[in-house]
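The next block holds one structure in the form of structure tokens; read it before the comments.
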């Protein structure tokens, strides 16, 4: 990091109510550690405080965690599952872009113990801003345009974030295989999940379950048509469709969100709204830009 | 179809050795029926002669098959699996673009009985030329660019083509869930498959198995890096990578091909080369256009 | 047109204040003629009422004008030049997307008689939504992506719209050559103009002139850096830069706007705001979506 | 440059007939100077030997030229104009991508003294590979996709290359205004030129002139339809169309080429073929990849 971290002293002059951290992982924890006793709340967009412990963090991020106490304190900022905790939190770990889509897609199934938690496949496709704005071969125009590929096979850090968050909704630990792919678009994530039912199910019943699960959620739209990126582009919405294939006895979901809004900055604002008792959609009312 | 089918009489004047049919399904069978006793060979790029029977065809295509005898006669034109039969065939059913990628990705596993044939997931992403060149909302620029979605959930016709072709390689019938997605690129298909091992396996052993399985195939490149569309763009190559995730006990494959070459016209030429004893890669030597 | 025009009678039930017409040219004039005595105002987005007379219209549109009285009544809805007239208008002809960019780029030069009005070049590049949403070969994804071309050489209808509007600002008739090009983007128009100074000029003076000319305009941003499409994407802004090349004695301008907002629907709303005494930017405050 | 230049000694071991230099400008001249007495021929793809003198070079490149003798010796490698000289050359300066398109578009007009050489406009639009493969903000996917802009206004180095090459075809010095724009495509340049006729002309006569001028050129296709990038993509062709607009008395041309082939490596091979008496299209027979 080229710029030095702003010191607590300097920040205090501004007397802020809340700080949004858009720092690389490993740097965020330094900031949070230094500022732990400040009066303001923190919403951290890095991966530093999303996992369950310093050990798990070190295992997936190959970095020692210098402030595990922060992990204990932090609330995972996925409003659809944790809004009560977020409302009282001093430190919110804003979820990763992929976990937001995958967890919201699967939570109704996991919480209701409808699927085998050992055989979940998460196949995601993301726009290139997921790789940051620092120019490098992976986000060079002529490498991305007309192209498509998978990456981070078997070991992408968002895997454990999905597993731990979903596991928190059930007594039966979730283990899943997550495969991200890189799309030639600037923003947006579409996630397709596959899972095996534990018992006899009907498509209509699952569809009702999803509609019911999210019925009070302003940014989740349960759809009957297949979600696509342009329908959420620039907005804080996540569109989710669930289906059951009787022929192969599989449940599949398709979800779409904008990784820069619901997958990052929009969700951060949503968390702030909850933390400060504001309207949930304050500053987040913009519609998708389509086409 | 606006244009009438060329009559057998007219075609005979040209005394062709082989005819390539680029007709819609349902029309191809009319042509083949009428021309069944002609001296020339036929390579049909439609879906009319790829399946096992008129009944299966009617079930997936919602069209009565008027020439089921052609189905019995036709050879499925996937050279890597059926080159001996292709060499002697009078009628070749050129494979669909998705089945070419999926079957070549999974054949080594199925033939060697390494995976559970009831739990295979095929998640494919295709360029927009897969939808044909007739302008319609689905291939309109402003609907495709910046966008990504799934389609044909649970009932895409290529599903049964994959299942039957893979089942022909083993005694244990294959049933799989196939989900196609539409990419904002003009050409190319990337297919990711997920399957469950039947027994204890090692990644290195599976990688060797793949290299060995295709060691004499000029157009299959088994790679250690993850395939991408640009590496095969404009060429007849298919790149395949296999991996094993010990953590979740899943096998995954990623493959890439150009749907207009190995997925259609290129493979048709490859079949012609085999049928006429020509060099396998005659007319197919062009390298990928990258970038 | 498949759907019949809504009759005046039916519309009256709704007692509207204003009607926006998004009809093809030739159909709009039928509607306006039928509804001429209705109480509501009309903002027409077609080309039917933008030109100076029925004769000129017929010459460029190859269509007889059935309601030339409407032409006399209509006000050209370019707020930066005609806001006083728009405020009093009953019928507003919303400008074409290309003329909006070209006229605002050149108006300060023409009005101040700085350039030779016989040697103006307008070279525009538009996103594909300019061609409408009806699928046809010209807006098919695989024809547009990776591609770029010119079209409508020498005879695009927006030529005369630019000429007449610019001519209205000076005593010396403007004649220009307009060449549109088709970009592989969904929305946005970038226009580059070239013209010859009539007298000695200085770049700094022209830059001041532009800043001054538009100093009270909320949607015109005079920039020192070169405008680009993403900086206006989804917004009602038009960015304009002017430069003088001493070496070749040419003035050039570069401007960018979103053809679906400032080039169409956004400007229509802006006109409504003026006609009804609302805030000029009511409903038009959204920022560009970048990236 | 990180890697050191290969010494003459090392290269001699390979006993090459010809060397292609793909070095940055400023570095190429070092190589050429060091290797000036070697037995092999050199085709240099940098800008170091394309201009008329060290002074002109320093003026446009802001770099001192360390080997102006090379400039005197070098032949400008545009086969359509200089094939006789290229055949005898020891050092060929392969043309820039923009000059190739602009010069071939305008040469028939300039050579035949049909236009005013002081009022030529060259408006070019290039794919992003023109900016090289080193990742930087200007070729970052999310800055290029959905975007379009101009750059290098008034001072792009290819301006002088166009002017000097065109001036070599006539006694009346050419001065032109060149404006490059950046397209969201990986490869391809489309150039539109505007010029003023010196005398009365007819469109049909100019079209015949172009057809005649290039009638023996294997890679120039004079077209009646407007050129587009996809029609030349991946090939060594340049398509050129000329038109005359009677209404404004302007001549316009539109040309398309692939900047990586006819605009760079393909033309370099073409030059080698001429230098060694090979077939002009040896290694250059590949057709455009369309779509």
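As written, the chains take the letters A, B, C and D, and residue 1 is the first residue of each chain.
The working rule: a contact is a pair of C-beta atoms (placed from the backbone, for glycine too) under 8 Å apart; a residue touches a chain by one contact, two chains touch by 3 or more.
These numbers come from a predicted model, not from an experiment.
Using the average of C-alpha coordinates as each chain's centre, D ends up farthest from chain A.
Set side by side, C-D and B-C show the greater C-beta contact count at C-D. At the interface between chain A and chain D, over half of the residue numbers involved are used by both copies, so each side presents largely the same positions. One finds 36 Å separating the Cα centroids of chain C and chain D. Per-chain CA centroids place chain B at a distance of 49 Å from chain C. Residues of chain B found to touch two or more other chains are 129, 142-143, 145-146, 184-187, 233, 291. Taken together, the chain B residues at the contact with chain C in this complex read 127-129, 133, 135-137, 139-146, 184-187. Interface of chain C with chain D (complex): residues 118-119, 121, 123, 125, 142-143, 145-151, 153-154, 175-177, 179, 181, 183-186, 188, 190, 192, 194, 196, 226-230, 233, 243, 245, 247-248, 250, 252, 254, 256, 291. On the side of chain C, the complex with chain A involves touching residues 129, 145-146, 186-187, 233-234, 286, 289, 291.
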